[in-house]
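The chains carry the letters A, B, C and D, assigned in the order they are written, with residues numbered from 1 in each.
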Amino acid sequence: MLRLANIRKSFGGVHALRDATLTLHAGEVTALIGENGAGKSTIVRIIGGLHQPDAGEIQLDGRTVRITDAHHARSLGISIVHQECVVFDNLSVAENICIHARPQRHGLVSWRQMRERAKTMLRQLDATFDPDLPAGRLSIAQKHIVQIARALDSDARVLVLDEPTAALSHREAEDLFRITRQLTGDGCAVLFISHRFEEVFSLAHRYSVFRDGAAVDAGRIDEVDTNVLVKLMVGRAVEPSVSGHAAPSETELLRVEGLSRRGEFNGISFSVRRGEVLGIYGLVGAGRSEVAHALFGLSTVDSGRILIDGMPVTIASPTDAVRHGLAYVPEDRQTEGAILSLSIAANVCLPSLQALAPQVICKRDRESAFAQKWIDSLSVKTPGPDQLVGALSGGNQQKVVLAKWLARQPRILIVDEPTKGIDVGAKAAVHAVMREFVAKGHAVVMISSELPEVLNLSDRVLVMRRGRARGVFEREAATPEAIVRAATDA
Amino acid sequence: MKAAAWLRWESMLALVLVGEFVVFSMLTPYFLDPLTLSDATFSFTERAVIALPLALVIISGDIDISVAGIIALASVAMGLAAAEGVPTGGLVAIGLATGLAAGIINGALVTIGRVPSIVATIGTMSLFRGIAYAVLGDRVLKNYPASFTHLGQGYVFGLVSYELCIVVVLALIAGVVLHFTRWGRCIYAIGSNPVAARFSGVAVNRYRLMLFAATGMCSGLAAVLLTSRLGSTRPSIAQGWELEIIAMVILGGVSVWGGKGTIPGVLMAAVALGIFGFGLSLLNIPGIVMSIFVGALLIAVVAVPAIGERLRIGARP
Amino acid sequence: MLSRDLRLGIATLLLFAAVTAAFPQFARPDNLAGVLNDSAILILLALGQMLVILTRGIDLSVAANLALCGMIAALFNRHFPDAGALSTVAIALVCGALLGACNGLLVWKLRLPPIVVTLGTMSIFRGAIYQLSGGVWVNDNEMSPAFLDLVRYRFLGLTTLAWTAVIAALAAFICLRYLRTGRDLYAAGGNPSAATAAGIDPGRMQFIAYTICGAIAGVCGYLWVARFAVAYTDIALGFELEVIAACLIGGVAIAGGIGTVTGVLLGCLFIGVIRNALPLVGISPFWQMYINGVVITVAALMSARQRTEKRSILEAERA
Amino acid sequence: IGCGSRDATNASERVRIGIVAKSLGNGFFDAVHKGAAEAAGPLDVDLIFTGPTTPTAEGQIEVVNALIAQRVDAIAISANDPDAVVPALQRAAQRGIKVISYDSAVAEAGRVAHLAPSSDQLIGETVAQLAAELAPGGKGKIAVVSATPTSTNQNAWLAQLKQALTAHPGLELAAVAYGDDVSDKSYRETTALLQQHPDLAVMISLSSVGIVAAARAVEDRGLTGKLPVTGLGLPSELAGYVKRGVVPKFAIWNPIDLGYATTQIAARIARGESISQPISIERLGSVTFDANGVGAMGKPFVYDARNIDEFAGVF
């Protein structure tokens, strides 16, 4: 139905796409997979009319088209959920959902119809928030839901989902898949991008693999398995991320007692030992990120204490937190994690400036070398440390954020969705880095909505629901069923 | 790639500066005269004293429109003190302290009060000058000691004014801080993305407060110099300077979006604007006609690189 | 928590009540009409400025644009005294729109920072007035009666000037709330990259905003010159800051995307009441600027407090 | 002509004189320029007429610096601030430039001589006289719309006006408002005055911007003929109001003559003449400078419907 052939696209000196070919079929879901920076989002932007290809051809229903802008794409029946959050904070949820075609009466926007339509869409996705709320009040996950509702709100013939589930927990993801199946049933062609193979296998009919901006293979999904796909993506086999690990020591490094903040979370207590990974699992809106914010001094708590090495500490600001050896990799890398308009070197060095320049005076070559070391050890795909972070692919941006904190050599690393949007290879690398980190006697608090990740990596799992702790599960007791039950009603 | 952009901007300014010297020395015989050039420096020194710290504020993503108001306030404070017989040293201290206090008020509004800086300083702009008017009314304060008057009118080696020396020293300080220290790195980070900077453990609000305080204090310093040069204080002193100073900073290549800009650029822009204005008035071109040139220059300096960029991209197939 | 507009409305009413208490004459209908009349140009310009600020811009050149178009209108009237006032208005409007479009094009096509562009054009426009007029004044005896009388024509107790402001406010309200372009303006200002992804060109929206703002400034140029019956280089010098202050007091966010017509109207009336009440109550002129400063600062603090309100979902679950 | 001890070659040398206005684009100074140009030709004077964009002291200092750099022989300035320009003018004097002020004075330390268009006292008396003539029966309340509260000559004239009013016991000064030399503010202040004092007999403005705005406000409120406006203004700007009876009469000195006299005096001083003796000026008579170096021209001239047309085209 939609066919892109031999697409080429470069930015400055970077060849994002060399020779990309992609075919979507009506009534089928095609999964597009590839490493970070393989060019997946770039081709999505080309389909959406946001970029013009340097060369190549796009055919829709057999006819060659040139997609001039987003509006044009829309009018061709192409509907897209972009990887980056593209929500209007200042507009209501309803208007966000209907932004492409606001219902009109007598040439005037009809707010009543708009609200109705938004309500219907949100109900389909099992979302309960008020369509009149300004979208700025939503959490990042909810914003993604809004974005998905927007894409579904149209008689789309081609639906493109660029890592839609990265920010969602399985519940919302299931809703999305249900609707996607419904749409394919109605003859819609779907392009689905994800780094999670279980989703790919459960949803897709076909697959297509990109490597370094070129299509390397495509076919029916039931003819392949994970290992084959991984080999195609990476060009080599990847060992599954290590799960065997040394037992954590008995000494507590971080202890949290009865942390509460009005309207966000209530009576949260947990402890993390040296050499331990504590997973925090919950549905979207469970308040996990808020707890992390409070721990890192980004917000104040109403009651409760934080102890490090058994000593109560006051953490009133991130500066305090960093001084006490904490580090926080936030969930929204675009606005909170990375500084997109600065170089990789500037980003990586920022938290470590004190160590890099004890006498206040900075040296550029020292910073570059420092950054290069971390670029290498996390294998960030980039021409060099002077590259702007904004020009990196999503996954590589995430690696930069990780690098900047690991470089600071913290004792307690709090990570919020650390592998959101990261490909298998990189994910294994990140996991390895985290294991290595705890092996030195440090501790990790990992917030994740990805159940396999939580189960695989954590020594213990804290489950939260609606701002409250629902229990801490030891490794042995942490079965998927038990955790999901604790995270949902029941 | 970044270095190239940096160079392009500086070279634009350098070109403008050289062009000014060539054109003016061709058009008027009085231009290339040591005494004249020495006089010409006065047309930018006091503004440059403020432009330098203000550049840091703008690079960190804020703006301060109240600087001229601070000059009026500090000048009035000094005038009142002088009327009480405070000696020169005390007057300078009072000027600096008043500026510092005003800067801290701005900083507090922006950090503690969380008011966007442009809004806060539009308010304090009227507030500070308003206090000056309220205190002074139609009076004039001019009982300054002779040694005080000497500050703004004195010279080193007969030709280099104290004011110019102060500008050079300040530029060195600002340049080193911005380009060679970790504080400078943090300033760029804050200007590029304050949220991410805060999440990286940078004490964002402390930096912003300090920068506003520094700008306030330098405005106080400018008030000392200007008051000393005028030898009198009226509440209308330095009226309208805020926009001129901001224009100077922007012309220096500092991005009003924050995160971009260099001190050499700002310094060159200050000199270029000062010489430009002085040169045109040497040619007896009315100031208002001059404003056409200045406006066009301002736009051209940002537009030429932008057009170049477009052509470069457009040229590639 | 009261909405921002409501609080500003209450503040304006309180201020009004205070002035009336001190000076009962202030509340007389003809005086109120006078206040509206006096605020009309501010309202018009603030509405235009609001569009620009909504799209993340700022227009420092409005006052200079006003002065230039006013001078053009006055000179046109001097040369063609029989041309009729409406054609003069049309000329002022077209000139203003063209000047605004210059700003808009520079911002749109070259992506130059609005503050730089309009700072530059502000100087250029002022210089152009001087060049155009040769620095001389155009006085009331050089203006035709039709030119002067159009703004003074009264209908239902209000002058044309006041009616223009009222109608413009209504039109702005409808456009911004119910027209696609109006909504696109909010979208483009709220999140330009999201707007691009949704098929809205933020640059084009900026261009539209600047052009409309310019057109309004042009009409205001005529209104100003006709009202005060004199045109010279420096009219409305520094007025741009007052216009921006009115927008800010009215709750228009400088970061773009947020602001309502009601808010801007209240902001203007708030300033208008202060401006008209201070001389009436007999406060020393030396205190006026100080009072203005206090008011703007306090208003800014108030609106900042509002913005930091936290979201909250736990209410249902508090045991 | 009191050439005194000067020799002929010196007196006929070409001199360059810079005349500094408060600001350019102001009808009053355009007229001064006209007069100065008339005088310059026959006197072998190269005239540089200049001024800042806005009426500020800082702007004038930059203009003075530019004149110093051009090594003019004399500078004549109408100061925006009597004190702030002094250091710059003193520097000019150090470099051998003769400095005088005209219209709005510079503090004594900064100049050799000051040429007042008219003495403050004469202005105060003339305006008080006008008010007395216009007030019904010479009695009633009057109000003044001034320029900025900091303007020196405005304040001096106001003080003299108050002084002169003692000679007119029927008149009572009810209020002074400040229009900042800006039309919209002057207009608003006038309107406020009209509301505060509905029983005003005469409205006075001593600034040329203020009187136009005041006349406009009075006419807009339908008070033409009921509340006369008077004060100081320019014939070209007020002609319309005079004809409609809003401003029945007003006074001003002749700025053309002022420019003419300023240039003559500056040229004489540049050529070494002293001001200890009265300096006679062609077509205007002679000016005597007092011990402070201040010389005044004459009484302001009164304009009304009979002579306004004659002057409206001139300045």
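In this text, a residue touches a chain if its C-beta (ideal position, glycine included) is under 8 Å from a C-beta of that chain, and two chains touch if they have at least 3 such contacts.
What you are looking at is a predicted structure, and each value in this text was computed from that prediction instead of being measured.
Undergrad: Which neighbours does chain C have in common with chain D?
TA: B
Undergrad: Determine which of the two chain pairs, B-D or A-B, is joined by the larger number of C-beta pairs in contact.
TA: Between B-D and A-B, the larger count of C-beta pairs in contact belongs to B-D.
Undergrad: Going by C-alpha centroids, which chain is farthest from chain D? Tell me that one.
TA: Here the answer is chain A, farthest from chain D.
Undergrad: List the centre-to-centre spacing of chain A and chain D in whole Å, with centres computed as mean CA coordinates.
TA: About 73 Å, centre to centre.
Undergrad: Please work out the Cα centroid separation of chain B and chain D, and write it as a whole number of Å.
TA: Computed value for the inter-centroid distance: 35 Å.
Undergrad: Quick check: how many Å separate the C-alpha centres of chain A and chain C?
TA: The computed centroid separation for chain A versus chain C comes out at 43 Å.
Undergrad: For chain D, write out the residues touching at least two other chains, lowest number first.
TA: Within chain D, the residues that touch at least two other chains are 24-25, 53-54, 149.
Undergrad: Residues of chain B that touch two or more other chains: which are they?
TA: As it turns out, chain B has residues touching two or more other chains at 133, 137-138, 235, 240, 286, 288, 290-291.
Undergrad: Quick check on chain A: which residues sit in contact with 2+ other chains?
TA: none
Undergrad: Is the way these chains touch best called a line, a ring, a star, complete, or other?
TA: other
Undergrad: Looking at the whole structure, which two-chain pairs count as touching?
TA: Touching chain pairs, listed by label, are A-B, A-C, B-C, B-D, C-D.
Undergrad: Could you list, by residue number, the parts of chain C that touch chain B in their complex?
TA: 60, 106, 110-113, 115-117, 119-124, 126-128, 130-131, 135, 233, 238, 241, 244-245, 248, 253-255, 284, 286-294, 296-301, 303-305, 307-308
Undergrad: Mind pulling up the chain A residues that touch chain B in the complex?
TA: Residue positions touching the partner: 12, 54, 296, 298, 317-319, 321-322, 328, 330, 335-343, 346, 349-351, 353-354, 356-357, 360-362, 386, 404, 408.
Undergrad: Would you pull the chain D residues touching chain B in the complex into a rising list?
TA: 24-25, 48, 50-54, 56-59, 61-63, 65-66, 68-71, 81, 83-84, 86-87, 91, 95, 148-150, 155
Undergrad: Where on chain B is chain D touching in the complex?
TA: Touching chain D from chain B are residues 28, 30-31, 33, 35-36, 39-40, 42-43, 133, 137-138, 140, 142, 149, 153, 226, 229-232, 234-240, 277-278, 281-282, 284, 286-288, 290-291.
Undergrad: Can you tell me which positions in chain B touch chain A when the two form their complex?
TA: 1-2, 180-186, 188-189, 192-193, 195-203, 259, 317
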